[in-house]
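Next, two complexes with subunit A in common: one pairs it with subunit B, the other with subunit C.
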Partner chain A sequence: MYYDPFVLPFTIGLTALLLFLIIKYIRWIRTFRKSERRKIRKGIFSLKTLRSIGEIFSECLLHRKIYRTNPFLGYMHTCFGLGWFLLIVAGKTESMVYHTSAVNPPYFAIFFRFFHPAKETFPYSNTFAFITDLLLLFILSGLFLALAKRLWSRIVGMRKTTKHRPLDLLILTTLWLIFPLRFLAESFTSGLRGGGSFLTNNAGEFFARFLPLEQLTYPAWWAYSGVLGLFFILLPFSRYMHIPTEIVYIFLKNWGIKQGTKFNAFSEIQMYACSRCGICIDSCQLNSSLGMDTQPVYFLKKIRHQKEYGHLIENCLLCGRCEASCPVGLTHNALRLAKRPDLSRITKNTYSYAKNAAAPAKMAYFAGCMGQLTPAVTRSMEQLFKQAGVSYTFIDKEGGVCCGRPMLLAGNREEAAVMAEKNRAILKASGAEVLVTSCPICLKMFREEYGLQIRIVHHTEYIDELIREGKLKTVPSEQRTVFHNPCELGRGSGIYQAPENILKSISRKIDTAFDGKKSLCCGGSLANTSIDGKQRNRIAGDAAKAYAAYKPDVLVTACPLCKKTFATASDIPVKDIAEVVAERCRP
Partner chain B sequence: MNIVIIGGGPAGSEAAYRLAGEGYTVDLVEKENSIGGNLNNWYQLFPDRKPASEVVQGLQQHLNHPGITLHIDTEAIGITESAPGKFSVKLSNNTVLHSAAVLLATGYKLFDAGRKEEYGYGIYKRVITSAELENLFTNHSLATVYGDTPQRIGFIHCVGSRDEKICNYHCSKLCCITAIKQAIEVREMLPEAEIFCFYMDMRMFGPGYEELYREAQEQHNIKFIRGRLSEAAENINGQVVIKVEDTLVGKPLRMSLDLMVLMVGMEAAAGSGTLAGSVQIPLYPNGFIRPADPHTGTNLTARPGIFTAGSCTSPMNLTDTLTDARSAAWQIKKWLTGPDKQ
Partner chain C sequence: MPTLWGYSISAARSIDYDKNDPLFRRWLAIASPSSQLCIGCGGCTAACSAGNLTEFNIRRLQMLVKRGESRETAEQLHKCMLCGKCLLVCPRGVDTRQMILSMKRFLREHDQ
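Now for the complex of A and B:
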């Protein structure tokens, strides 16, 4: 039996950590609803579990998504995640090959070089020594980048990095010390008694020249074990809870657990799964345009550490840019919404004045409140309907009821439900089989909250279909266009291809760095009730400038609210895609 | 000693005339091809209905003074101060004017009504701005683009003013009295028409204004409805259908209009920002130039030797603009003859 008292800090730390995690996760999952627990039971023995393991490998170890932000940042995380994992696997394998037994205490593999320092050969011993040295070097290179990031975050492509609490900085230091101490302990041992490979062996010979290794080696192993134990003990209280929790989150997510309207145990799991990498900070326009610290990293951090976070609940555009960039794939919009209280005041009677009637037609057109405020858009749509020869009923032409999404985004779900009920009745009266909306905000609401059995499309999709079916004859032009994809259309509803098709067919569409999921928010979002008109205008101005840098003749959007927000902030003309198509249509 | 005045509207012209009368040589820079500025777009002035052209002609005559050099069709691009009290003003034709003092009289620009898309300007042909209505007065015809004579006319106050959504928090101050003046002029041309004003508050700050407001109600049957326009649509007859809340009665109101006049507000002229910026003179958040002190330092700026006159510092009517210009002329003279200058 191999044993030495210095393994105790490591062993105690690891045991305590594992016990804590098991208790914590079981207690969380026990509060899940029955239907969710059923999902977990069904999911465990299905392909979803395999898919989860794949995702854990690519996101928790490889950190694939971080490479999209910056290759250096990705490499740094790969070093720690994959590097440490492989080091453990290689160490364990080595110990098993040596010991010719599958069961040996965890510390034996970790401190293998202490228990087996000499050049005693066993199958592939040199290969193992080489691999573990290589992996250690790999991790140390990541550590070097991490240090550089703390000092100067821009080299890893981050304009801002997270501001951490003192405890988190302590444990960060603990983590950083683990690998240099392992390096020292193994090098000293090698310098004293041989063994190791190109890294530790050479370093050992080097240290032996001027250091009293006899006195230093044993304390170095104590320090290595101590730091490991300390890291494990501190982990539950620090942001490094994300390491085990992200794994749990990936499983639960793939088994079909979703963030509901309440901030519950699953929300807490998401909260602990946040690694506070800070990638959301740069993606957030409330930071880049207004310098506000309201990003998910700070929001979740404040909730977790019971700090005052009330002022952050409303201060979010729910534009989804952080969600799109989050390497852990947390549902930040739903988390923020779950914290917004339902303060509903209106009742069914509020809308008693509105008729439950609409002219019958196969297709219903809903302009929405913002559509009503942009007559150029609704007019273009009516022109296009006529030119394509489609019969339609404009269900809110003479005034209607709001789709309810602004209320839902404010947390007032009951009010939203009242409005949805009213609009459902109007839609039913029309007998329409297809609903076309001009506003992506309404679109998302109709699709996700109304439970309608009819087809619901945004006018970009509808126009795209009309053009492809040959019902609309467009004339191409040399006009340079840039497309601003509205938050609720692109990231919100996954509509990217239709506007691309349309603009490519009628104009010279210029690709930008803000295409697809990277689209900027106009700042007019209904979801943020915290910022004022001037602050919105600053966000809009910065976004308009970013698009204007590509020198388009016109900035094209597909949301009446975005259009109105940009109208005050943009130096170049802003038009809705419907207007641009209407201008390029042969009658 | 030479003075450069930027802007040939009423403020710049008046100040040029006063300073020339004091024996200074003046360069007056105007970007348009004639002087008079926004006044050229007006038919009659409130409250006495004096023809605006008379005032412009008066200003023009004054500029015949031999001490004044007029640079029309020329824009001032930037100001530099080479030594304290020595200014160079760069012009769009690449000439540089040297002066001992600079007067900014860059004025204002009218709000672009197209930015309030919900009011339908540029989309519905029966929607015009107050400036365009003045043009109709000049031509003595209120016929719409469809050729008919409007029977129901609505004036919409505060278009581009006191509106958080378009980030204009300020009151443009003149639109209320302008609407009253214009409503009376319309009444005189169309005795049978229905005329409405939709307002938030009636701000009758000048002499004779409140009296004119009363007269409009008592003698001209102009109806005032307190409520802001929410949106406008077009019906089959091409009329503008407006939705307003009558906030005194507390009820929503729908009405069709044959002609809708948008009382466009005043915004800082683009030139104010660039010129003030070129010599680090601060602006108010709404873009107007910030005086050295709002009470005791008007006409003065953060930079000694650079002065302001007229509506480049805030919305101002013609009376106040001319007064402000004379005050600026006196401030400039005081600066040029001050103890450190002699």
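Now for the complex of A and C:
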């Protein structure tokens, strides 16, 4: 029987942690709705579980997504995630080979070098010693990077890092001590009685020259076990709760659980899965342009630790840049929206003034409120429809009911639903089979909240189709264009290819660092009711400047709100993609 | 006095700061500071999606608040769709959406 009292702190810590986690997760999942629990039951024995395991390997261990932010930052996380995991696997395998049995207590593998008399060899003992030493070196190199990151975060590509609570800094120190202490304990043991491989063996011989290893070895094992135990005990109260919770989140997400409109147990799981890595800070323009600490990392941190967070709920553009950069893949927009209270007051008079008539046609065009404010866009669209010879009905030509998304973004879902009902009636009256919108905000609303059975496209997609089908004849030009992909069009609705195709066919489109998912927010977002006009202008000005660095002749966008916001902030002319196409169309 | 100087006062447009209930007005000035920048140009009302279809007038809302007529304000507020067009046309940078949301919050807190 292999046992020594020094394994107790580790064993007690691990047992307490596992018990706590099991109770916590079961209590969360029990509050899920019936339909969601059915999804879990159906999902467990399906390919979704295998896919989750794959995702857990690539995200929780490899940390693949972090490499997109910075290779060094990615490597640092791989060292901790994959390195620690492999060290456990290698240690366990080694102990099983030695013990020739699958069942041995967890501490036996962790403290193997203590229990194993070094002189005694067993199959592949040298290989195992080499592998575990290599892995330890791998983790220590990551630790070195982590230390460098604390001193100078730019070294791993981060302009700003998270401000942590004192308790989190304490547990961070505990975590950092684990591997150096393991290194010392194993080296001392090796220096005393041999064993180990290139790292611990050489270090042991080195230490033996000037340290009284007889007295130091045993306390070193106690210290190693002690910090492990302390880390496990502190984990549930610190940000490191993200380690087990991210795994649970990945399973639930793949089994089909979604963040609803309420802040519920699944939201809490997301909140605990946030690692506070702080990658969202650099991606947020409220920080880069205005220096505000309103990013998901601080928002979730405040909610979790019961600090006042009311002022952060509204202070978010819901542009989705944090979501696109989040290595854990949390749904930050939905989380923020779930905290916005629904203050709707519905009476029978609410929006009763809205008409519900429209001329019938196969295709309906909806300019939206913002579209109404940019007549150049609606004029261009009407010109293009005529040139392509499509019959259409302009359902809000004389002004109509708002799509409801701005109301929904303010939290008032019920009032938004009344508006949706009005527009559904108008669409039904028109008998249209396709709906074309000029505003991506409307597009997202029509697609996600209306439950319509017809095809809903944004005008970029529609124009792209018309050009490819040969219904619109365009003349290419030498104009240099940069495309600003609106938040609700790109990240919001996943439309990236259509504007790319159009601009490449009619102009010299310049690729920028802000293409695709990395596009900037113009600052005009209706989702933020906290910042004022001047602050919006500063965001717009910074974004316009970033695009202007590529020296385009025209800054092209595909959202009337973005166009309006940039109009006063950009020195370069701003046009909607519909206008640019209309200019390049042969009559 | 005013008649002496050849002016007349339209009761429908007057704000009597001595007699009106100042609660709503003072509350809004704190909750939505930019609302105080309004010069009453009416740009918001001209652009308004709701105003296009009904008698909804943001400029008038401001006056109702200053007169302390919270009941009438509540009835009018029902019509706003919060689309944000007014925000884009305001020459003074009044955060109109935030102003309207603040009004709604006041009315909710005061049971109207």
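Operating definition for what follows: the second predicted complex is superposed on the first by the 581 of 587 C-alpha atoms of A that agree within 3 Å, B and C clash if a C-alpha of one lies under 4 Å from a C-alpha of the other, contacts with A are read in each partner's own complex, and residues count from 1 in each chain.
Note that in this section a contact is a pair of C-beta atoms (placed from the backbone, for glycine too) under 8 Å apart; a residue touches a chain by one contact, two chains touch by 3 or more.
In this text, all values refer to a predicted model and were calculated from it rather than measured experimentally.
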item: Side-by-side fit of subunit B and subunit C on subunit A, or clash; value: clash
item: Touching partner for A:G533 - first (subunit B), second (subunit C), both, neither; value: both
item: Which superposed partner A:G400 touches (first subunit B, second subunit C, both, neither); value: second
item: Touched partner set for A:I44, first subunit B, second subunit C, both or neither; value: neither
item: Contacts of A:K564 with subunit B and subunit C, given as first, second, both or neither; value: both
item: Subunit A: partner with more touched residues, subunit B or subunit C; value: C
item: Which superposed partner A:L18 touches (first subunit B, second subunit C, both, neither); value: neither
item: Touching partner for A:A376 - first (subunit B), second (subunit C), both, neither; value: first
item: First, second, both or neither for A:L169, with subunit B first and subunit C second; value: neither
item: Colliding region between subunit C and subunit B, picked from 96-104, 150-158 or 222-230 after the shared-chain fit; value: 222-230
item: Shared contact residues on subunit A - subunit B and subunit C; value: 372-373, 399, 532-534, 564
item: Residues on subunit B engaged by subunit A in the complex (per definition of touch); value: 114-115, 117-118, 120, 123-124, 164-167, 231-234, 243, 285
item: Contact footprint of subunit C on subunit A as seen in their complex; value: 343, 345, 347, 349-351, 353-355, 369-370, 372-373, 398-402, 404, 406-407, 410, 412, 415, 419, 524, 526, 529-530, 532-534, 561, 564-565
item: Parts of subunit C lying in touch with subunit A, wherever the complex brings them together; value: 34, 47, 49-50, 52-54, 78-79, 81-85, 87-90, 93-95, 97-98, 101, 104-105, 108
item: Touch list for subunit A against partner subunit B, complex; value: 372-376, 379, 397, 399, 532-534, 537, 563-564, 567-568
